[in-house]
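First chain A sits with chain B, and in the next complex the same chain sits with chain C.
Let's look at the complex of A and B:
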């Protein structure tokens, strides 16, 4: 791996830009994503930045069961993202369809339309859970890019213990 | 360029599609704005990306299951959908719920209003580019989120209501904590009220923008803060109170918040002052909460009935129309969310404004697409609005899909 490539990979793990797409959700997950980026938890200290365009983003945060009307748009926006790209399904609806499973206009889960890297369940997941999910994804990214997590920042050495208030947080990272 | 002949320059009409994914919009909705130079001459609203078929799904669920399904219509005003459906089923079953349950239900509604209005204020600050205040408001919103979490156990979907009462009690030891939180919120909201009114960064962007005259607001059937910002006195809490709003309004301490400015500034002031009023209402509810049971047992099979339940959601009047048929499932449930009533007036307010003001005008009605998934087409030429009925839509959709096959089958 050349020096430039190593530098790029390090930069990608250090500062993943996320992009938020509402694929028919109820807004609950959306406001919790914003709350995770806001002063109390401040995901931006990990270098995670919310951007407005899919072309700038490395990670797409999808919320909501995919409705029939939004499916082609979702696929188009996924195609617009530059490689390497990752998709995180935030919330029970995005993971499996949740409470809307079985409705006539709902596909049930983002993975029915586009490949998903990580799932964060919860209705809606608390900002702490979203932070933890983002942290787990960054660790997996570091592994894939061949970057030592400890090289990146001191906060990557010890996983931040989820606070007891968040209940059980199960963040699964699927194999790509 | 010495010609004395007067030259008439007609700026070209440009059609700008906004959405369904757009940085200014948190939710998928599509607007086709036709502009001449910088002025908006036509606005076409195309929503429905969020249509999930909740009403149809609700017909196959029991009433208890529907409480949780309808709460998930909208994440920002989930307490209103949840509570209003519980209210509708109780009206249909003709049962009276305990006094304490009424107070707790109303308390959750008012806390939800505080959280929704602070959220709106943050979004409004963000839309005019005042991000410092955006961060401040969202930090202070965490106070009310913590209060809701301590009462209901969840930050966003509270699901406090059940048919015949509420699911959780507000313990006595929690009340002082809630009152302290309300004090802190009141202090911060007074600061934001001053920011909204005296801070030029915000005021100059909203004053005189997006005018909605009183008669137009009445004619187009605007509801909620959009109507009250145009001096139309509609507020279900005052006009047709239910639950604990009845004793609260009997005290005479509360008055409807109105503004005669008719612009975005008027709507902002109405929302901020209403938040302060909601804090007072929460304090009144906590101090006057009676003792007693919190729920009444209601038989799951609801007698055949047809009811209309109204409630003042943060965005305006929310209507649930429910037909029951003697089983434990509804025959028909129809939701009319406040945003749907405000679309019509919004097309009027957009017209004639600068393109740069479009985000704040769109935000000023506090649109909630997940509540509202229908199609409204507005034509600037003859000032008509077409609410497309379902069968016409189906014909158009079939025609469209014939030209654009979606799946390979």
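Let's look at the complex of A and C:
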């Protein structure tokens, strides 16, 4: 039984299927999410697959400050996902409201509406930053499931966090 | 399966065939392997890497997806027809596994000449066509049972797609049957392997038609209007989650094995490869060795897998090279190009069989 349990736990870490939800974003972060799935930083390396239906997904990628209009929809779609489910807030707006913080029509952050597991700041976050965030989330999941992080991506040591300067990120990406 | 089990050992051996080697376990492993090949080729065509960190080059990724889906919560929508909703994935998996039993992979019946499938009898081609149509009906039922507008739209589109492409598929499968003069898949394969090389020319057009139509039957990209992610989120699969989705994904992969295997069997000469070399060493000595000893149990599956892998790579290339067609384009293409082309190739085969081959002295 122990072997099966470990296998199922490993499978949960190894195949995160993501679902993308736009909770009032300006479309900047959405483009960057797509860029993270595209050839330069192929997130499918980690088993990430973009699916259309919330029923199939494990991770919801939320972009944008939650507007009052979209809040009930966001909550309903979160309810529709199957357990175990995680939410990642992508972009400054999704983390804290960003430039819209304090406006009359936004909540200011996805965590005001639903529980959030990981935050990826940036306006918009670079694809490298989204990859880094996804990697960190998978590390946290691996910790929770008792899977060794080395199994996640053996040739990765600990990648350096993306720095604000453009040049270093470019070199870091080239090394990957 | 033609010999009726006489001793307990025979019964045990036949159970082993069905459950393990050319049967369920082998087909399932092959299905997960083909999904990995498909995803890798698709990723490489898009200049990506594809699954990388799960096993060797991500070879275990489909297995991990399957286990993850098994471990997830299983949701049934309130308005859905509960029993039908739960039955569809199981029935679909069973049907797709049954379809694969007809493929001749190793020689399970040495009393008949040539490699035989686990299930093989005269007329099983008709049963195969019937079962693959049942899969289509199941897909439509899956969409309607989920009582989701997206699911129903997807189901209606699937029905339209399959009605359009079933006819060229059937005609393309009838052509090898006409050439071999038999309706049993294994017999067709064994007859075609031994017939004259001139038949290769007649099998080219139906092979292309079969590849295109099976791409449509599998609802892969140029024909994936029925689960277009961007418009009707996943079509008929939209409400499925957890174990049911895992079974549906496995059934789809097994249908890929079935399509590639049927193309291999009927058009590419089945599990024979070295036998085609016109040297006595290969065509007689090696053929007898493989047919009579344990060598066949290793050699035939390997050749079968090699040829199916080629077909899978062709199908993945088609998936990566084309964009999704509109519904009207698909229907127009099916009825204006595929059906006349299929009828034309059947006509060519008839003319060749009745007039040209006797004139040229081809047997």
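Everything below uses one rule, namely that the second predicted complex is superposed on the first by the 149 of 176 C-alpha atoms of A that agree within 3 Å, B and C clash if a C-alpha of one lies under 4 Å from a C-alpha of the other, contacts with A are read in each partner's own complex, and residues count from 1 in each chain.
Just so it is clear, a contact is a pair of C-beta atoms (placed from the backbone, for glycine too) under 8 Å apart; a residue touches a chain by one contact, two chains touch by 3 or more.
Worth saying up front: this structure is predicted, and the values here are computed from it rather than measured.
Once the two complexes are overlaid on the shared chain, A:39 sits against chain B and chain C alike.
Of the two partner chains placed by the overlay, only chain B lies in contact with A:29; chain C stays clear of it.
Taking chain B and chain C in turn and counting the residues of chain A each one touches, the greater count comes from B. When both complexes are overlaid on chain A, the residue A:7 reaches chain C alone and has no touch with chain B. Of the two partner chains, chain C is the only one touched by A:58; chain B is not. When both complexes are overlaid on chain A, the residue A:83 reaches chain C alone and has no touch with chain B.
Once the two complexes are laid over each other on the shared chain, residue contacts for A:102 go to chain B alone; chain C is not touched. Put simply, chain A uses residues 38-39, 52-53 to touch chain B in one complex and chain C in the other. Across the interface of their complex, chain A is touched by residues 20-23, 26-28, 48-54, 56-57, 60, 68-69, 72-76, 78, 119, 135, 138-139, 141-142, 145, 149, 155-157, 368, 370, 406 of chain B. Against chain A, in their complex, chain C makes its touches with residues 39, 43, 46-54, 58, 60-61, 63-68, 70-75, 229-230, 233-234, 237-242, 245. Taken in their complex, chain A has these residues touching chain C: 7-8, 10-12, 14-15, 17, 38-39, 42, 44-47, 49-53, 55-56, 58, 80, 82-84, 151-154.
Chain A contributes residues 20-32, 34-35, 38-40, 52-54, 64-65, 67, 69-70, 72-73, 77, 93, 98-100, 102-106, 123-124, 126, 165 to its touches with chain B in the complex.
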